[in-house]
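The same chain A turns up in both complexes below, where it pairs with chain B and then with chain C.
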Partner chain A sequence: MNSDYINIALADDDEDDRFFFTEAFDELKLKSKVLLFKDGIELMEYLNDSDNMLPSLLFLDLNMPKKSGLECLKDIKATKRLSDMVIAIYSTSASEEDIENTFVKGANVYIKKPNDFEKLKKVLSEVVTTNWQYHTSGLNKDNFLLRL
Partner chain B sequence: MKLLLKFDFTKVCNAVLKQKLQAHQLKFRQTAFGEIELIDKASEEQLKVFYDDINSFGIEVIEDPKKIVIQKIKDVIVDMVFNERDIQVKTSVYLAEQLEENYNYLSNLFSEVTYTSIENFIILQKIEYTKILLTSEELSLTEIAFKLSYSSVAHLSKQFKNTTGITPSAFQRIIAKRKQIN
Partner chain C sequence: MPTPSNKYLRTAFIAGLFVILCIGGFTYKHISELSQTSKVVKDNYSLRNELELIISNLKDAEIGHRGFLLTHDSLFLNPYEESLQKVTSNLVKLDTLIVSNGEQVEKLKQLKGDINNRFKNFDKSFSLANDDSILTRDLLFLLHEGEIRMDRIRADITEMLALEQRLLTHNQEVNEKKIGLTPLFFYGLLIVTLIILLLAYVKMTTDLKALKESNVELEIFEKLTKQSEIVSNTSTWVWYIEDNEFEFSDNLYRLIGEEPQSFEPTLENFYNYVHEEDISNLGEQVNMMMREEELPFTSFRVVHRDGTIRHLKAYSKLMDDTEGDAKMLGVTIDATNEVENYRIIEQRNQELERTNKELSAFNYVASHDLQEPLRKIQTFMSRLESKEKDHISESGQVYIQRMKSASARMRMLIEDLLQYSRTNTSEKEYLKTNMNMLLEHAKTELIDSIEEKHAKIICDDLPTMEVISFQIQQLFINLISNSLKYSKDKVPPVIEITHQEVLSKDINEIKDSLYKYHHKITFKDNGIGFEQAYAEKIFLLFNRLHGKSEYSGTGIGLAICKKIVENHKGVIMAEGHPNGGASFTIYLPFLK
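So, the complex of A and B:
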């Protein structure tokens, strides 16, 4: 990872959650660049513009106004140019069935938003390092499922 | 019509590399897995074209000496897990022998560069191989535990859950459902 930055994006309508997310990455001292989006529409506009650099790791909140995380996930998986991105669902609690459903629809990671900042840092660092292993060790991304 | 494929990773990699080298008319000698020696001098331009071509096949030429050692460690581990090597000694001893280096040195270097430990990397690879065996060969977890020399199914099952956050059967179910959709 040393010389390269990881490009990360988060789409979340909650301002506090966006703040803690960026703070966590700052403190983790991973070489990362974090892009933020307030809702699904804003996110998809960015992703669909082929001039923009795509994040390698996208965190999606499920409950967003205008366009939900699940709708974004569907659109992303249906677009060839975007289908290589690793998708982490970043959400408050959901039923077992909902969680499994996001995996079936193509999500790689499911994170239940932790309440405490230290936990958040730990969880995000685990996602990034696991993602890094898939990226650098030639592992099959189709088999990348992680629940935290 | 659906076909399930099984890959011999070492063979695939070597075959692709050989084809590419021949296509670029580079004479070579293979010295080890992931290591070749070019017999004639190649121009920088020629090498650049070659690098670009193999890059698109997921092959990269490593230049940083630390990265070379890391890559060798990874190659030995992947070979050990995916080719089901029957190793009689401890993994640390095996790695030290294969790389002809002190294990502590290897272990520290690995953690420094990759953000994970050799131990974790081995577990990750074993779990990845388990995933492949579960989904493409449809082996049972008991068979896999035996194949990968786990002391018990429970141990493998627990390690799977700890590493991925989901159980082996949930994993199987998700991948099967995904296949149905596509």
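So, the complex of A and C:
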């Protein structure tokens, strides 16, 4: 395991969003390695293969074909090997229902995709630099949705 | 069932019968008494007659006796003997006639003794006279003695006659008394009988009149029932339990598409018209009715001969206050319209549900799919603005700014529309909520613009109410942000929120409310206000009073407010003066 890099994964079916995501990390100049997945099936296949290195931070879109982000979240939390992974929900919508569901299922933070590139960079850097080990203990529903 | 008038008639009849029997009894008694009396009188007269005959017979005997004494001729002895025999038979008759009277019996005994002595005197004088034809001293003495005895007999008889006379007078007096009362008694009885007859007659006449009247009423009622059965598509039937016979009303035949009374009213005949799918169920219900003597509401279909299907509903109950034969009274109604209406409502409900589903699908499309490309346009524009700034001309920069504000406005519209449709959702959970808390949340949400405008919010203590909390919070946010938005230039906004409880009937707008009390919450500001003429228009969707360039806005915010208040069965009203501020009043009903 190379500790110099943060391993970050994104599962999102939208090509543009994946493009913004990688560009933002490029510009943030963090020592990070970004893994991209086009849908939930692809993501779970990768995670379930024990030969692969697990990302420390997973950005999960909710609305994906084949397997939705919520289903992935459920499977991940049900698998002991994966359950410690920090999961950030990364979605266009911020409906009460989605926020409630993902919070209950054990996601760490909920990010509403911003409509400004600078904001996106700010959000991502905030999430990456947060010490989730420490943060988890104070997790509650009110600060679950990330506001900037 | 004995009616009161029946009872009365029976009593009158019994009383009349009794009176007539009395009259018969008394009449018999009086007549027998009368005949008794006349027999007594007759006996009395024959007794007197016998007594007088005794005297005359004794006189005849004396005459014969004297003649014999003078002549010694036995010719005189014949009348003498005859008279003696007559006297003896007279005495026998007297015996039978005076049996009943004690005093007279005594007297008769004395008379008999005296007569006997007289006869002895006759015999003695005869024995003396036989020896000698001359009247001796002894014979003279005997004649004297005979005379004295004869006098005594006369006196006896006179006494007896007098006694008999007294008895007769007494009897006559008693009879007169009795007979004198009889006509009065009969007359009285007759009057009583007549009165009873008269009363019975009056009673019968009034009863007959009442009967006639109720007959007429019954006839009217029957006709009305028939009419109302036709008009309201109902029918009636009777089941005589003992005889297991049915009686169907005319309209029951019509309900199954037949002419009234066109077939025998039996269950079997009726079943011919019942829809084959419903026959077994109806049969079960009817069998249960025959056991339990009650038929709960039972629905079934009938098929007319022309194939029309109608929905019928039957109900029946035991008539429990009958004497004698028990019967069940049933009602069968045509519920086709009801069923049809129910079906239509169900269909509409399904349509509504589908529309709701479509609406929430639209919600999703609006929230996700529409925002997605917009977000990308905005993000790419922000990329263009920062990364490619140096390569774009000045007019190009202006175009980018215009595009940015247009897409920002589009985002606002989408978000507001979403909010508006969210107020429509069917999940309406009314929970007891502290309104002060909701207001605090609203203020937190708007903290940026409140601070930016240096706004002051003055607020009464608000009550706890049963509300859909996120909606009321949205209401507060929209009203406050409305006041903040339409504030006067360079005048810090002041928003006063007041609360009071009001009686519904005191307020014109809510006086017809079903609730007695309302919470009145007023938001009053010092902003630019508006013309009162627009007070109702501002709540309409997409309705704006100002140009987009002057004040940003989608024209949805107040429409959302109205919707939320209506969801809570309340009323919202606006009041404004140009440049004189606006106030929004909300009335929310509550139960005390």
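One rule holds in what follows: the second predicted complex is superposed on the first by the 127 of 148 C-alpha atoms of A that agree within 3 Å, B and C clash if a C-alpha of one lies under 4 Å from a C-alpha of the other, contacts with A are read in each partner's own complex, and residues count from 1 in each chain.
Rule of thumb we're sticking to: contacts are C-beta pairs under 8 Å (C-beta built on N, C-alpha and C of every residue); 3 or more make two chains touch, one makes a residue touch a chain.
Everything numeric here is computed off the predicted structure, so don't read it as measured data.
Looking at the shared chain after the overlay, A:25 reaches neither chain B nor chain C. In the superposition on chain A, A:132 makes contact with chain B only, while chain C stays out of contact range. Touch criterion met: A:113 reaches chain C, while chain B stays clear of it.
Using the contact criterion defined above for the overlaid structures, shared-chain residue A:37 touches neither chain B nor chain C, since it reaches no partner. Of the two partners chain B and chain C, more residues of chain A are touched by B. Of the two partner chains placed around the shared chain by superposition, neither chain B nor chain C is touched by A:90.
In the superposition on chain A, A:143 contacts chain B only, with no contact to chain C. Applying the stated contact rule after C-alpha superposition, one finds that A:63 touches chain C and leaves chain B untouched. Of the residues of chain A, not a single one touches chain B in one of the two structures and chain C in the other.
Only residues 1-2, 100, 103-104, 106, 110, 129-130, 132-133, 136-140, 142-143, 145-148 of chain A touch chain B when the two sit together in their complex. Residue ranges on chain C touching chain A, taken from their complex, read 367-368, 371-372, 374-376, 378-379, 382-383, 386, 411, 470.
For chain B in complex with chain A, the residues that touch the partner chain are 58, 74, 78, 113-116, 121, 124-125, 128, 131-132, 135, 164-166, 170-171, 173-175, 177-178, 181.
Of all residues in chain A, only 14, 16-17, 20, 63, 92-93, 95-96, 113-118, 120 touch chain C in the complex they form.
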